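Presented sequentially are two complexes of chain A, the first with chain B as partner and the second with chain C.
Up next is the complex of A and B:
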């Protein structure tokens, strides 16, 4: 949430010259973020012996590369689904009468406040072979055998999309609300059809919101642990699970650090790309 | 030299602070029904007899143990760990030597005693089956690996630990007395044949949930979890054929703040009565040689130590030595 708060704050382009006020925040970041990351980096090149062998093992093994690839595919699919489902919801929220939109928003936010584990277990119960979804479908005669909906990629995608949706809906809603309805009316007056209004006016104007939401979801998905661990199987493991395995089960912190750092570097690179090409200020 | 003096001084102060605050200690285990029983029959009765308060924590996390020992801030005093980890961690200098002047070594099952650890309880990996969900239950490891005869999902322990590799080799026809050294190539080849049909359980509670819901109608389980599940009314069949035993151990992380209390706790937890009560409740076998005599005769029949006929003992020292090698290969194979 902090991410779009800062995006909004810099959005008005104000830059205060003095950095003095930033010192406490910077100190916090250095102590609780930068230093631990540096220690992790050190471990990854020092354990079990000095050198880059951890990185060589990690990037030289097809198994680990497949986990990297799988992580990116899952994050991409979840992002695409979240945006496709979240966009209409955000749009609806933006144009709904206030009292209704408040209610819907409250429901969305309430779901975010519910314990993540409880929500993930709920999906486990819903999706399992003897779960409500499979039983209903079988009862209706639509399927003969239960669909494999959990302990695989399907379960991970459903669970993560559900959890990530608010992170797309909230920034998007703000952006769409800020679009002057007069512009859409003007487009319609000039003869644009509904589709054209959407494709050539609303969509381009709301793109910064889409980009912000999509990046947030993508980055969060890359490092997600709980949902893939509970709803996924081992053959479609994600990177965070691999890190946990190295740290907790194999007690090989060098490898764990290396895997975590590769993920961090990729994430930062993506963020840099987003800042460069999809900067909300530049888009306006 | 100066440093050494400083460290000695520091150690002395810490030691002093430790003994002064010895009226409290922390016990860490794996949660669920097992830790509930440990709390009731070990910790609470220990508190009654010694006056030392025991705080429960968990789940056991080997990464955390290492972090605590390295940082010198050890908040766990006694930890329930897997037997092979106990041997390895002892050799790696992560554990305190146990004080056998406090703990009575002569009464304990020697299979599970090292300088750094004693058994906590021992269990068998057995074949469990939900009889409401299937017409016929697998009886042997070979059955469990036979997807033609027994189609459907089966569940196995997710983590690299004694049990699954052995089961695969037994299923492939390796005689029980020729399992070690483990033929990993052969084991993984056998495991490959059922890989698509495996659902992994990563906690005892999850294994019970998978079996009860018939998400996986059969699989390999800790015997105690099946006993507990059967008591809740689920129709469970247990096959003890070639049950594979492994033990949990009690250890004290190096630098534990309440070492003295920890030794007393271990002595109490491994005593005959405490072991007997724990075993009665959980269906896991006691590691105290005198415990069986204190237990109900009918109940003893359901314990792993009465299923010795075709029993296979997982070789803890083999595992301790090859833990990293097998683990690395295991997780890589799982992710393939």
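Up next is the complex of A and C:
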């Protein structure tokens, strides 16, 4: 404590020289983040004239409601797929010999670090009418005509699941690794079958990890822009694309601000849920 | 039982099967793009009828790709330096400071990372239009700095958590000035955190698409913007070549990061 006081006193203020260190970051975040976002939201109730008509248009038209619905459905399906595919992988990764888990981890991290556009481009090529997937399926005689896999929500879902999988696997692996194997041995000794062991011991114990991962994937998917724009085609818009379209093509800042607010409110509400119920700091 | 690798029984086969399938799912598109970038087919037919360097040749022959890469590199470099320096100061302030609202401030600094980036992009675009700064390097740097800084604050903050401050205090007692002690004792001790901050900040800027689309002008484009605008027109194999080079660059960075992690510290 005495040492801390000595060192602290040499800063600017005697009590809180350290507060000064936060000034650059604070300036950056206030000037270039808080103010512009507030200004954008303000425009949604001021342009073209003061009032809530932008929100009325946004929530009153079937076109826009369809986009909201698309966004939620895709985000939900991507979340369910990522969690159900990711869970067994995370499980195995948590217990397999290290020399193998290292290889699997390297693959996951490589895919995660690969440029997002490169990955999306790969799926655009793979899923096209004349792409490898359609050709293989036709070659195997499983289908007669190419399946429409791209420029629709199927393509978006595949591409997004590809991107989100690592975000489920990595945290979930940590959660499962932290579970004491002894508990499961005890359950087995007490006569629990495999299914019972899984449903009543392993799954409940790993549930905080599942919930946190699922929520993160869901929130990220809701606001995703690049993959839906490239794999979804023009007729299957999602919310983030709507925001961009209002501003870029239609130069309608009022509606753009309103759509941005909807996205922002949903995102922040879900994060509040996460902080309230799955706070990693509280769990530690 | 279920957490003992050797006692999983038949279940082990199932788990291994799923994991292998997921690994293939994750790695095959990347391998596929790399293979196609050497294929001769304009329509990206697989397997390619023959092999060629033509797309790489096209890529390097078009100076716009080169300038885009150069712009990306320049912006990412500036962002990395600013992000590490500001991130170090911020992490230090958050780590050492004892003031009310510290957790709230920390949360505030990390928010740009978790919000939908399109909202930030549109908001910044509006601001820079008003200020007459749209399409400038400054706008790019600010936008990317906002999303890179959280990575620095987290990486350096974690490293500072694990650093025993009494070592720094000992240096001060021995006659070093506080900043001398920080730069010559603390910074070397947390160099792994600083390195991680630099890598993440660089990648955050280098790979960023959405902010870049809004910050770009016809004369100022980063590599992702160039790929984006090309992709919107057609699926030319030149993009496969560009992607393959980016993937090679990623692998290089991963190896570098692994080497540093294996280095003297931990």
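To be clear about the criterion, the second predicted complex is superposed on the first by the 238 of 284 C-alpha atoms of A that agree within 3 Å, B and C clash if a C-alpha of one lies under 4 Å from a C-alpha of the other, contacts with A are read in each partner's own complex, and residues count from 1 in each chain.
Convention: contacts are C-beta pairs under 8 Å (C-beta built on N, C-alpha and C of every residue); 3 or more make two chains touch, one makes a residue touch a chain.
Here the structure is a predicted model, which means the values were calculated and not measured.
Enquirer: Output check: A:181 vs chain B and chain C. Expected answer is one of first, second, both, neither. What do you get?
Expert: The second partner, chain C, only.
Enquirer: According to the stated criteria, A:109 is in contact with first (chain B), second (chain C), both, or neither; which is it?
Expert: Once the two structures are laid over each other on A, A:109 reaches chain C alone.
Enquirer: Under the stated touch criterion, which partner chain does A:196 make contact with: chain B (first), chain C (second), both, or neither?
Expert: After superposition on chain A, A:196 lies in contact with neither partner.
Enquirer: After the superposition on A, what does A:253 contact: first (chain B), second (chain C), both or neither?
Expert: After superposition on chain A, A:253 lies in contact with both partners, chain B and chain C.
Enquirer: By residue count, is chain A touched more by chain B or by chain C?
Expert: Higher number of touched chain A residues: C.
Enquirer: May I ask you to decide whether A:245 touches chain B, chain C, both, or neither, giving the answer as first, second, both or neither?
Expert: In the superposition, A:245 contacts chain B only.
Enquirer: Does the superposition put A:61 against chain B (first), chain C (second), both, or neither?
Expert: Touch partner of A:61: chain B, not chain C.
Enquirer: Looking at A:235 after the superposition, I want to know if it touches chain B, chain C, both of them or none. Which is it: first, second, both, neither?
Expert: In the superposition, A:235 touches chain B alone.
Enquirer: Could you list which residues of chain A make contact with chain B in one structure and with chain C in the other?
Expert: 128, 130, 247-248, 253
Enquirer: So in the complex, the part of chain A that touches chain B is made up of which residues?
Expert: 61, 63-64, 66-67, 128-130, 150-151, 229, 233-235, 237, 242, 245, 247-253
Enquirer: Where on chain B is chain A touching in the complex?
Expert: Against chain A, chain B makes touches at 61-64, 66, 153, 158-160, 195, 199-200, 202, 213-215, 324, 327-328, 331-332, 334-336.
Enquirer: Along chain C, where are the residues that touch chain A in the complex?
Expert: 1-5, 11, 14-16, 18-19, 22-23, 25-27, 29-30, 32-33, 36, 43-46, 86-87, 89-90, 92-94, 96-99, 105, 108-109, 111-112, 114-127, 142-143, 145-146, 149, 153, 165-166, 168-169, 172-173, 177-178, 203, 207, 209-210, 213-214, 224, 227-228, 231-232, 235, 239-240, 242-243, 246-247, 250-251, 253-254
Enquirer: Can you check the complex and tell me which residues of chain A touch chain C?
Expert: It comes out as residues 3-4, 6-8, 10-11, 16, 18-22, 24-26, 28-29, 32-33, 35-37, 39-40, 43, 85-86, 88-89, 91-97, 104, 106-111, 113-126, 128, 130-132, 135, 162, 165-166, 176, 179, 181, 184-185, 187-188, 194, 197-198, 201-202, 219, 222-226, 230, 240, 243-244, 247-248, 253, 256, 260, 263-264, 267-268, 271.
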